[in-house]
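Two complexes are shown next, each including chain A; its partner changes from chain B in the first to chain C in the second.
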Partner chain A sequence: MTKISNWDITVPYQWTPGPVLGTFLGGLREKTITGVKCNSCGKVYVPPQDLCRDCLEDMQVENFVEVKPEGTVEGFVKIRQNFFGERPSKEYLSERISPADIDQHPLLWFPEVPYVVAMIKLDEADTCMLHLVKGADMDNLKMGSRVRAAWKEETIGHIMDIDSFKITE
Partner chain B sequence: MANKVGVVGIGMTENKSYWNLSIPALYRKGALSAYEDSGLGPAQIDAVVFGHSPEYFEGVNHPEKWCSEAVGVVNKPLFRIHTGGTVGGSAAIGAYYLVASGEFDVVMAISGNKLNETSSAQIGLSTVYEPLIARRMGAGAPSAVALQASAYYAKYGYDGEYSLKVAVKNRNNAMNNPYAQLRIPDYTLEGARETPVLSYPLRMADMCPTSDAVCAMIFAREDKVKEITDKPAWVLAAVSTNEGVTYPDRDWAKPIGLRLAADIAYERAGISNPREEIDVAEVYDAFSVQEMIWYEGLNFCEWGEGGNLLESGATYMDGDLPVNPSGGVLCANSIGAAAMFRKAEAALQVMGRAGDRQVPGAQISLGHGWGGGIQFHTVMIFSSNMP
Partner chain C sequence: MFEPASRVMHTWYVPYKWSFGQRATEFLELMKKEQKIFFGRCTSCKKVMIPTAICGKCFAPLEDELVPVKDEGVLECFTVVYLPFPTQPAAPPYAYGYIRLDGTSSIMPHIIEEVDYDDLRVGMRVKAVWREELEGDIYDIKYFKPID
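Presenting the complex of A and B:
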């Protein structure tokens, strides 16, 4: 006979941003968006990367640039379905994982459905960044929509210091 | 100069939920199928290349530790390859390299997954996203491909209707494939249109199922091939490439890595006009829209012409270049085996052993794989004639 046992695996991790991505995250705390410009080809990466993917040059700390928090939607998805259908409650999760880990649980990271994730190319960047797009005018969202970052009141040096991008036109 | 290499045996398990087989038992089932198909036994296998996509699908690390016993090949070389959804293709190409190099005579590639061991493959797939800046937005594979789809539609003026037609084509093809998971009689465009939107613009009909499966291929050097079978599938080309993930001006609707792999493969195979010279192709259509994007990457048509190629009817079973006679990944996706199934199905076609899904008279076939951060591609070309 088949015997199926269950084992939820919870392993804590911490990830090292390094000085380049760390500068980006630190900038978010100050409500600024930081990119890095390749010394060799001049391409601007937002979020910044450790090396230029085109010329494989290491990025230089002195080449950080602050970019305007405005850009264009280059692709988007409206997510209508959570992985498990219903979003689980904190009470449900607290029976399964330690309370300290609940806020880090991916099932609670994601907003209530439906929500929109977009590839956003900031005007002064050559790469796209992923972020949420929110707003009352969602039905008007289309490729090429103009968006602007909306900040959380309290910022902690985290990608979600940007609450979302709002459609401006 | 590389040795000539032929495929001399193919093993497949049906794609479905196996609640009565453990992970190694499913690998054993796949290996035994390849032994039965080739007439070989473990003693004749000189090395094994093992593929298996991310361990979080089963929650068991190092599944290759079981593999040597499961396939019956112990005290011989075993190599693990891991390239996400491409892994089955990478393992096949790895096995091909080992034989082509002359180091080994007969090598088995075997790859699979039991996706039904996890309560959510998509939670696991979300851990593919970069942890500090992307994972909060990452929502599994469907949402990444939905971004790709929205970019493709906007760039060339296509819409979801084209993708649904791919889904209907491949689901109807799968009725001829006993190894497919989704075999749905009378699957219609009207029915596909009524399926719910899961990640706009993709509907449920645009998405692959969750399967358990293993696929295996046995590769042999020219002199051994002739001892084993008189109907091998000769390997004309085996190419893999990887695009970057974060490079500037990256266009998800334009897979330059696939075009590069295809062009190299065609050159090695001596193919100057792939649309004319390839008789049948199996591509990694994990999501319906991707089949059209891969047509373009594979140079079956110009950039932007994928939807029009579909509409022309050329890639249907009665067209001049049938794509995914097996039903493709849209009808069976174990991830670990899916890219190898593409190669194995393509090989079966030129062996003339593809059963009800056989394209009559197929001489040259192509099998493709896709994976990673929409970045890895594998292309193999097979022929019924020795190169």
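Presenting the complex of A and C:
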């Protein structure tokens, strides 16, 4: 029998979201969901993107609109398997990335399996956003379920400032 | 409208398993059992080297039995690491060097400690400092330290 060892490649990095996505994330920090409206066709993108995919029009930061954190489930999937083999513990990660960054670490935000990822179309948006749906009444989750954003207590300007969406009816 | 977020943090995390293979397994198991470093001898050139499947120069297999070598040698080169990076063997600052153990033909990389980093010299004699409880990994040798 040859010896087997466990290793990992852990590469911390940061990326710059730019003015459009950055403004959306800045809004989340204030517990507000925003979208961007296309100058040409009027479509509202949540989450916002740099170009209108229909008109290829550049989106403008001036055209940001606040949207209500309520919407409809347009599709969902139940995740039963961890992506990372094992979820890393906080202790494990803290040996590998800087302690100052640990609480902002997205890997720690993944819920225990099983969890539900859904395409959610907010009422005032024309596009869907991807997020978690959590709650006690998950058996009632179906296409068209009404959901509402639940915020984390502390927000940092990240998509996971929305803890998840909860089923409202 | 809102102060834009200037950065998004993320981390790639890719866990994997790695097999040491037959020779490195023997190396580590013998090290744990005997508290000695065991190298392999090439069946062709008879040079003694870190155990691998074949000799890097002759491509001939190494002898079946590994041979014990002294845990002392000469520092062939070194660097002092002050900056942190992933997969580091120690917390910086630390010195890392290539050590040619006496009577062997391949270098062994390891940490050098118990030395003022300014006093490190190529050619200085170093000796292994062993861990109190051997566990069968390369850090059974805690580090090498200068002697005489």
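In this text, the second predicted complex is superposed on the first by the 132 of 169 C-alpha atoms of A that agree within 3 Å, B and C clash if a C-alpha of one lies under 4 Å from a C-alpha of the other, contacts with A are read in each partner's own complex, and residues count from 1 in each chain.
The working rule: contacts are C-beta pairs under 8 Å (C-beta built on N, C-alpha and C of every residue); 3 or more make two chains touch, one makes a residue touch a chain.
Note that the coordinates shown come from a computational prediction; the quantities given were computed from them, not determined experimentally.
Once the two complexes are overlaid on the shared chain, A:W15 sits against chain B and chain C alike. Contacts of A:F110 after superposition: chain B is touched, whereas chain C is not reached. In the superposed model, A:Q49 makes contact with chain B only, not with chain C.
In the superposition on chain A, A:I79 makes contact with chain B only, not with chain C. After overlaying the two complexes on the shared chain, residue contacts for A:T23 are found with chain C alone; chain B is out of touch.
Applying the stated contact rule after C-alpha superposition, one finds that A:K37 touches neither chain B nor chain C.
Where the contact sets of chain A with chain B and with chain C meet, they give residues 2, 4, 7, 9, 13, 15, 17, 25, 84, 106-107.
Residues of chain C touching chain A in their complex: 1-22, 24-25, 28-29, 86-87, 136-137.
Chain A contributes residues 2, 4, 7, 9, 13, 15, 17, 21, 24-25, 43, 45, 47, 49, 53-54, 74-81, 83-84, 106-107, 109-110, 117-119, 126-132, 143-144, 159-160 to its touches with chain B in the complex. Considering their complex, residues 19-20, 59, 119-120, 122-123, 126-127, 131-140, 143, 146-148, 150-151, 154, 196-202, 244, 246-250, 252 of chain B touch chain A.
Residue ranges on chain A touching chain C, taken from their complex, read 1-17, 19, 22-23, 25-30, 32, 34, 61, 64, 84-86, 88, 93, 96-97, 101, 104-107, 157-158.
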